[in-house]
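Input: structures, listed below.
What follows is a pair of complexes built around chain A, which joins chain B in one and chain C in the other.
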Partner chain A sequence: MSSISIPNRRNAAARPPPVPSSGVSFVLPALLLILAVFILPVVMLLLRSVTEPDPGLQNYRELFESATVARVFVNTFVVSGLVTAIALLIGFPIAWLLVILPKRWADLLFGIVILSMWTNLLARTYAWMVLLQRTGIINKTLMGLGLIDTPLPLVNNLVGVTIGMTYIMLPFIVLPLVTTMRAIEPDLLRAAALCGAGRWEAFRRVLLPLSLPGIAAGGLLTFVMSLGYFVTPSLLGGAGNMMAAELIAQLVQSLLNWGLGGATAFALLVLTLALYAVQLRLLQRGRSQRGG
Partner chain B sequence: MTPFLDIQNIKKTYGATVAVQDVTLGIGRGEFVTFLGPSGSGKSTTLYVIAGFLDPTEGDVRIQGQSILSVPSHKRNIGMVFQRYTLFPHLTVAENVAFPLRVRRRPNDEIERKVAEMVRLARLETVRDRLPSQLSGGQQQRVALARALVYDPPVLLMDEPLSALDKKLREEIQYEIRRIHQETGVTILYVTHDQEEALRLSDRIAVFSQGRIDQIGTSAELYQNPATRFVAGFVGNSDFLSCRIDRVEGHSARIVLPDGACVSGVRSHGTVRAGSEGTLMLRPERVRIRNAASNTTPSENGAAGLSVTIRDITFLGDNTHFAVETDWKQPMAIRVPFGRAGAEGLAVGDRARVDWVAEDAHVFAESANG
Partner chain C sequence: MLLDFDRLGGLKWVLVGIGILVSAFLLLPILFTVALSFGSSQWLLFPPPGWTLRWYEELWADPRWITSTLTSLQCAVLVTLLATGLGLLASFGLVRGRFAGRETVRALFLMPMIMPVIVVAVALYAFFLRIGLGGTLIGFVLAHTVIALPLAITSISNALERFDKAIEDAAILCGASPWEARLRVTIPAIRDGLFGAAVFSFLTSWDEVVIAIFMASPTLQTLPVHIWGTLRQDLTPVVAAASSLLLLFTLAVMLLAAWFRRRST
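Right after this comes the complex of A and B.
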């Protein structure tokens, strides 16, 4: 782990020999492809945001002055944060079950989690529309039980978006967590129990801290994916509370405002990268504290 | 007087498979008892029942007369050291040792004092702020020991704690365990499949075989007076020769070896019945070997013997190891201490005569290949 690599870093002699450069020519086509399909469009987008309709930063001025854009960004970050938090709360116990259940039951549960990823995204989102609408199963059941008098507004708003996206993001939380948890020695929890730790203490002091790398990886993945998510917000969300990807689509497709659309997309990219950098810093600091 | 730790008639079954049965054992306060047996003999299962990781199908476990079976693991107040180092990888040595006290919500000054005491006892002063991944295997196991003792448990369980260490480290930690046992006076239940480790550490040894305890006794008792063929084979080195039991009187039997030689005055163990097949057991260092030509008298002063062919001779310094074969092709090992007369001039392929004092021979009812 990190503790092993740290002394190596100080000791230059222990470094592995540099990779021979002769292999570069083999990966060159792939590198060029990545450049053409990933990097180039981003650069072009950035260029459009400062050249259309006129050269200058007016698109960014508009972006920062617009109350609508500000609200869309707030919506986006709040929903992404909620989705990540709820998916973690649901995903953690599922991941732990996958690790501790007998193999047959774990395989079944794993199948259910994975199967949801293999089903068409639109089909899954429409399924949620059916479930969540005013006359959907959820509202009908709740009213039938007499718990509510009028249907709850569960769709065409951010509640619907949060529910739908949480479900879609769940596998991206569960899979990294399972990998992390599988690496935890099962006898560690037995040792914790004999040391006097009940379930809660064992969770708080052993399982949770040891699962942190998985929580961080899954959480970041989910949060970043949620920031730019389009399908679910546009189907389950309402016109009054857009998310960033919807705003960009509207600017480009309906208003043909490539300049402002590019500026919005670029702002989202910068915010995402900034978040990623912060998390990377936190992870590294945690690691070096443990390593030191 | 009731024993301090009382294991009463433990039985554990998984469906039709019996993991352990009839395990009954009383352990005194401060005693060091080892469960010795091959893997799958039920020794770890018994330990896990005491730790609370398994519920026994039948039986009871009592500490000072109180049954602990209904008490969950985390309230049993038992210490345990596991086979693999089960230190918390995200906590330093000192925090690992402090863990049991932290979950018990002891005051900070008490935690600090107890941890310092344990770190000193386990000689971990120089590494107390390191993480487990920065320690050697031996240091990790000493931390595990300190963590298991910091809350003064009445009983310490050790489940093959040294099996992951190399031989030199094992001996070093064995010495540490003995010292810590003497300094703390804790009652220790130790599981191992290594007979040497069991002999070196324990006050008493319980030999497990196929889910049962074959024999409980001190090292010397097990060695001198093994109750079953299994104990004889597992504790110390043994030669086994197939034989027929001719007559039994009390604990003395007369047997007939396959070459027709009669041996009387053999100590019999278990349900040895006249007329049945049995196994003659000898300790390699209690057998004497000499040149067949030099002296042909079959026995002297109560000694019994037989003719063998020498297959291999290995000089090991303090003793010489002879691999021989009987006339009916059963192998035997014989160890002759350096300097003992009679074995000079013997070479591979020679015919030789081996003999032993009658009371050094034991006979068991089980057959030699069973």
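Right after this comes the complex of A and C.
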């Protein structure tokens, strides 16, 4: 240590004297709030998973062995996967349109996406509860057209949750995708056409691969957000397809089983953070590739 | 050519068709709710057999809707002030400061945004019960400030990073004190970021359901908690009326934000 620092001392003196820690006091109030009202409560909740009802890991054994917990997590993954896939399929053409439409129309479409995103979450969920119910407009229309004889069960099941959550997640797919697609050089596609690529080939070999970072970013964001979603699944889902967040709420509120509730929360937290870490890695790789 | 709208050929109409369908998917639930709020059918028949203002009258006559709205407003305004204020200070520290662990602190500030809300809600529920803040306005405000802070800090930090500090230094050279320079030069220059932080913070608190459900007591409820409770019982058209009013409010905030952005550029 000291043998390295001595020859460097002269250089250090030439630079302006470094202020060892400036700005800490500015960060302090917000930092204290986060530590006291966020980190501490979350740590306390997670601690309860290894202390209640007895110290030990029995809550985690129950978490892994319980058929109910396994079913809830499988269902959580199924719903999140479905929502992400459908939102990507719908969101891609919308992002594409937003990039290429004449400005006035693009602004209108963008306004519609933002309006739906900013409308109160419960108001949107209520609308779908009404639309999808047995006597709702969708069943009425389908029956009026003679497509079905009896109302379809569209609510309190997987269908209802998937429709309601896709509606809510769509903007989170569209917005990152627009950023990515806007950065694509139109000349690249012109070049592909000059080289004899048809529309399909240009789409498959140029547009789609170049949009991939946006697809990955939006898709992962949607998937992770869906994993922990509470409101829409509780209102549009049924007892048979509970999701992880509902399980946690039920464990602590109705069953007062804080130990298992804390363990389930920890599992959800680990999953979420792991997926965000993957996303961060993808982003960094994308950035370094572009740089090199 | 795939990125040139006029040269898409037939594909253009496929895309436009999808665009119209998805716009309908996004708009219909909203328009439908507004229509039902004026419909006379208790059972939400569509098209409604007649038109009425009855649901708005019921909304107005029920003191629980009014008190919960006032609680929500009070909470959202306090969260806006607290999150924007703390966010401004923290942004100065993060953007200008040089201290060990700065990146860790930055990551810590963003944590509430990526954490599943249900985990935060359950953790705060237990914590606030223990320290006696459960079901209090302070509890609501602190909890919502924590989840509003990441957005506020991001918005203000971005603005502060774009601002050239040399201008602030120039003001100090011209005789302003450091605080005077910050207040009269820097803060007006980053007002877009501050405005964004305020709008985000307000909407975060105003729309927040999950934490609020856990935090609420029978005597203190925010508007989303009251809607939630009503929805769990039945699908009354009164909720349609409340939703429509919330939509009007959202539109007003959006127009205000757009107007502000246009004025500042």
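Operating definition for what follows: the second predicted complex is superposed on the first by the 247 of 292 C-alpha atoms of A that agree within 3 Å, B and C clash if a C-alpha of one lies under 4 Å from a C-alpha of the other, contacts with A are read in each partner's own complex, and residues count from 1 in each chain.
FYI, a contact is a pair of C-beta atoms (placed from the backbone, for glycine too) under 8 Å apart; a residue touches a chain by one contact, two chains touch by 3 or more.
Since this is a predicted model, take the numbers as computed values, not measurements.
When the two structures are aligned on the shared chain, A:201 is found in touch with chain B, with no touch to chain C.
The partner that reaches more residues of chain A, of the two candidates chain B and chain C, is C.
In the superposed model, A:209 makes contact with chain B only, not with chain C.
Applying the stated contact rule after C-alpha superposition, one finds that A:190 touches each of chain B and chain C. In the superposed model, A:127 makes contact with chain C only, not with chain B. Contacts of A:231 after superposition on the shared chain: chain C is touched, whereas chain B is not. Legend: residue contacts after superposition of the two complexes on their common chain; A:37 is shown touching chain C, with no touch to chain B.
Residues 190, 193, 202, 206 of chain A lie in contact with chain B in one complex and with chain C in the other.
Of all residues in chain A, only 18-31, 33-34, 37-42, 44-45, 48, 90, 93-94, 96-97, 99-102, 109, 112-116, 118-131, 133, 135-137, 140, 167, 170, 181, 184, 186, 189-190, 193, 199, 202-203, 206-207, 224, 227-228, 230-231, 235, 244-245, 248-249, 252-253, 258, 261, 265, 268-269, 272-273, 276 touch chain C in the complex they form.
By the touch criterion given at the top, residues 1, 3-4, 185, 187-188, 190-198, 201-202, 205-206, 209-210, 290-291 of chain A touch chain B in their complex. By the touch criterion stated above, chain C contacts chain A in their complex at residues 1-5, 8-9, 11, 15-16, 18-19, 22-23, 25-30, 32-33, 36, 43-46, 86-87, 89-90, 92-94, 96-100, 102, 105, 108-109, 111-112, 114-127, 142-143, 145-146, 149, 153, 203, 207, 209-210, 214, 224, 227-228, 231-232, 235, 239-240, 242-243, 246-247, 250-251, 253-254.
Remark: chain B residues 51-53, 72-80, 82-84, 86, 88-90, 99-100, 102-104, 131, 133-134, 144, 147-148, 151 touch chain A in the complex.
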